[in-house]
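Please find one structure pasted underneath; my questions will follow.
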Amino acid sequence: MIQFLNVSKTYEECRVALDRVTFELGRGEFGFLTGPSGAGKTTLLRLIYREALPDSGQVLIRGRNVGALPLSKVPFLRRRIGVVFQDCRLIDRKTVFENVGYLPRVLGIGLRDRRRLAYQALRQVGLAHRMRSFPPELSRGEQQRVAIARALINEPEILLADEPTGNLDPELSREVFRVFRQINATGTTVLAATHSPALITEFGGRVLVLDRGRLVGDQRLVGRHGPDYLQLVQEEPRRVARRGGP
Amino acid sequence: MSLLRILLFFVREAYVNLRRSWRVSLLAVFTITTSLFVGGLFLLLSENLARLLEEWRSQAKVIVYLSAPPSADQRNDLLQKLERASWVEGVREVSAERAQQRFAEIFPSLADLTLEWSEAPLPESLEVSLAPASSGDDGLPAWLAELRRHPAVELVDDDRDWLRQLELLVGVFRGVGLTLGALLLAAATLTIASVIRLTAYLYRDEIAVLRLIGATEFYIRGPFYAEGLVQGATGGLAALAGLYAAYRLIRPQSDAALLGTVLVGDFLPMAQLLFLLVLGAAAGLLGAILSVRREAGVL
Amino acid sequence: MSLLRILLFFVREAYVNLRRSWRVSLLAVFTITTSLFVGGLFLLLSENLARLLEEWRSQAKVIVYLSAPPSADQRNDLLQKLERASWVEGVREVSAERAQQRFAEIFPSLADLTLEWSEAPLPESLEVSLAPASSGDDGLPAWLAELRRHPAVELVDDDRDWLRQLELLVGVFRGVGLTLGALLLAAATLTIASVIRLTAYLYRDEIAVLRLIGATEFYIRGPFYAEGLVQGATGGLAALAGLYAAYRLIRPQSDAALLGTVLVGDFLPMAQLLFLLVLGAAAGLLGAILSVRREAGVL
Amino acid sequence: MIQFLNVSKTYEECRVALDRVTFELGRGEFGFLTGPSGAGKTTLLRLIYREALPDSGQVLIRGRNVGALPLSKVPFLRRRIGVVFQDCRLIDRKTVFENVGYLPRVLGIGLRDRRRLAYQALRQVGLAHRMRSFPPELSRGEQQRVAIARALINEPEILLADEPTGNLDPELSREVFRVFRQINATGTTVLAATHSPALITEFGGRVLVLDRGRLVGDQRLVGRHGPDYLQLVQEEPRRVARRGGP
């Protein structure tokens, strides 16, 4: 699904962010991206949804070179990728509902369906009761959860999450990753950057480790819940949803 | 989505955005209003000035002085000749007494003198007013020459030198007026564009986010275009209202002064009001177009 | 910190900010330039118009017609009387022949008539030009009445009715000019203020952060004031440059047309150039002041 | 040092953020503020540096009511309080050095001293080599560290840190809290909001727990390093500083 072939990216002033990174994340895989601050995690994700272009090497999605995509096709690529940005990037002038429901709206989905979709997505992160708030009225953690809901609403083929739980308490963080696992179970490829070893060891999956732009680790980890974790989740969907509602 | 739904989307988005950031919008609208008001005021003045000059121009006359005692036949022949000519709009007879009287009016200080004159020294004359369109007619000089040879005519004062000067004046006035007006409107448009470009800076991050979550340019730009259009049209309307208010304000006071009527004789015609409105809307739209276009290097 | 260091701080901050956000600054400067340019152009035209009217006004004369054959004594007495009066600037003698000649010039079509007149029907006269300041003088009417009683004087045509009309005209012109000019400059100032207010929106968060980390209002606002001042002054300078360029551009072409010289006879005087510059700087400063003031409810 | 007396704060729409909170943090104490997302942590901190005013109750700093402080005195209060904001709040138009050195500059400290101070503060968070970068050129974790350096530079009497390690890897997070402990050892009162139980149990101190605006827990915890933790830090200052330099 996602293929990096010898990808390098250098920002101005010779600041190397990625250095000959090569890996492949298969369809339906669940990947963690980790590494110290400034290792290049965000940069790697940005290359996938083409917020940035690699200096050398190729980024392939479903075998197609993202860098060679004409500009007019980029929105359609991005629609298939849900992104949770590290800095949330919510639109302050729009309500939570409008933020989350923007893409369905562009896709021509009617108001009632949009509301249902937004409600479902927000309930998964426990914020269904804040649909009419504006982002500046939310706590940072709440903002982050809205960003997560926005990434989920479109049932994307690929879900990229950049430190989605940096401002969430451990319990909520776990719930967010449970949701990610659920979505992953429906076939969505997930790549989540995180600093939390606890989450990685708990959930397991493919673990990519970056350090100063180099891919220094790539392993498959069995989570604390064992390979049957998914079933565990399926058994208790109510627990995930419980926080929702007004 | 159907075209109607897309348009509805644009309009609704624009409406929500305008409502939520009305302070910024107000600043933009205000600038547009100011610019268009000033431009419109200039248009109003120059229109009235042009109208006045046109009036003067249409009043240019050919004066035919009759030989001292014209016979009745000669007189009638001359009058018929005048009335046959296509460029003649009207003929007014001025008797010798009337001529003297007018002389006294023009030179009040010399009025006493005329009383001393033994017999009327000023001859009877015919004031021939020409159709405004005729001044450029090539047949006119020949016709005037013929008129001069007529036995009843002592002298033809055709006012044409003066007319030509006046035409030059009108031309210069109009030219200067148009140039200045165009300059003002260009300045207004540029000001508006730069204001809207400035507001766009405010929404730069917003636009970037929309791009990142997969909205096409069409959907991103539509609402901004609608917003710019509405702002521009609102500014235009406000300017028109302001102009009308100014017109009503100046007019009553201006009746006293000679110049007042010159400056604001009539309000702008419908076409020009519409022009100002469209200009405002266009400026708003242009500004919006300028403001949401992709910056170089944006992916 | 000493005052000098504080000022240096402001200027340096402003410089760095201007350099780093020059695109936005340029938009603000551009708007100021446009507004001041238009305002200045209007000032230029109205100044020249006023100058022209002043010239006309200073040409207003009192014409003293002499009684048919004035004796040499009476003539001299009259001349002395005229020269003693403080409001008389100059006296020009116009002989009877010259009067006739001028009549022929004014009424070219009647020139032939004057040739037929037996003896000179127009009397000899003295054209007395008055000091411009004298027109409002209360002693003038009494003096003129006395002049009328002089034995050598047939008639005094004091041009005062015409003068008064002209003065009204000048007054109206000046009034309209000043009103329009003030309106334009007010519009310009408001536009500038709204533009700078708009730029301030861009730096709202920045200002909020400075407040939160413990900077006093003085240090927060200083650099923005300096920035506004510099932007305004830059806009003013650019407008002056533009005005001068426009002046040079119109002038050579205008020599041909009568009106050209009227419109751009002289460039603006130093004081007014300075005024425009100060106005730009003040507008920039005012905009900055408006923009960084605390919004209600901000802690 | 910091006293909350029955403090309540309600945002618009009847959203209770703090509900009759009472506690006192003594001079030189080291406090953790924790609780789930949206519990009111940020709100509590904002009341201390007066970004917000309480609806009822009093917030006292050194015995003086913050709410009653005239507006013109507020900056002087804030100068004595170093704040690490949850959303960093760096100024994008200013370089890292200018961001960090702004307050010293306003206080009239010369360029050379300012540079020394900024270097020291940035070295503590491992970013001394990025002095001339602009915030948008930094990774999110780097931005957070710049915000930390800015809060430290003025040697404040009170240090408030709102989720200062949300985007930092565990090792860096620990180093940041070691620095906080060091500063605390010089007499600075520290109150840090965090979601990380790991950090709390490691460092210990006063722990205040908020939940839906209520103060539901207030205990003194001995850290994993025991009460002698400070000495341990003092022995290895080099380890803290090592990451600095270009």
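A few points about this structure:
Each chain carries a letter (A, B, C and D) given by its place in the written order, and its residues are counted from 1.
By definition in this document, a residue touches a chain if its C-beta (ideal position, glycine included) is under 8 Å from a C-beta of that chain, and two chains touch if they have at least 3 such contacts.
Everything numeric here is computed off the predicted structure, so don't read it as measured data.
Common neighbours of chain A and chain D (chains touching each): not present.
Greatest Cα centroid separation from chain D: this falls to B. Averaging C-alpha coordinates per chain places the centre of chain A 68 Å away from that of chain C. Averaged C-alpha coordinates put the centre of chain C at 62 Å from the centre of chain D. Annotation for chain D: no residues touch 2 or more other chains.
Counting partner chains per residue, chain C has no residue touching two or more of them. Viewed as a contact network, the protein chains form a single closed ring in which every chain touches exactly two others.
Pairwise, the chains that make contact are A-B, A-D, B-C, C-D. By the touch criterion stated above, chain C contacts chain D in their complex at residues 1, 5, 9, 16-17, 20-21, 203, 205-206, 209-217, 219, 299. Interface of chain D with chain C (complex): residues 49-53, 71-72, 74-81, 83, 85, 89-94, 98, 102-103, 105-106, 108, 150, 154.
Residues 11-13, 15, 34-38, 41-42, 86-87, 133, 137-142, 144-145, 163, 166-173, 195-198 of chain A are the ones touching chain D in the complex. Per the touch definition, chain B reaches chain C in the complex via residues 24, 27-28, 30-31, 34-35, 37-38, 41, 63, 65, 108-110, 112-113, 116-117, 121-123, 155-157, 165, 168-169, 172-173, 176, 180, 183-184, 187, 190-191, 194-195, 197-199, 201-202, 257-260, 263.
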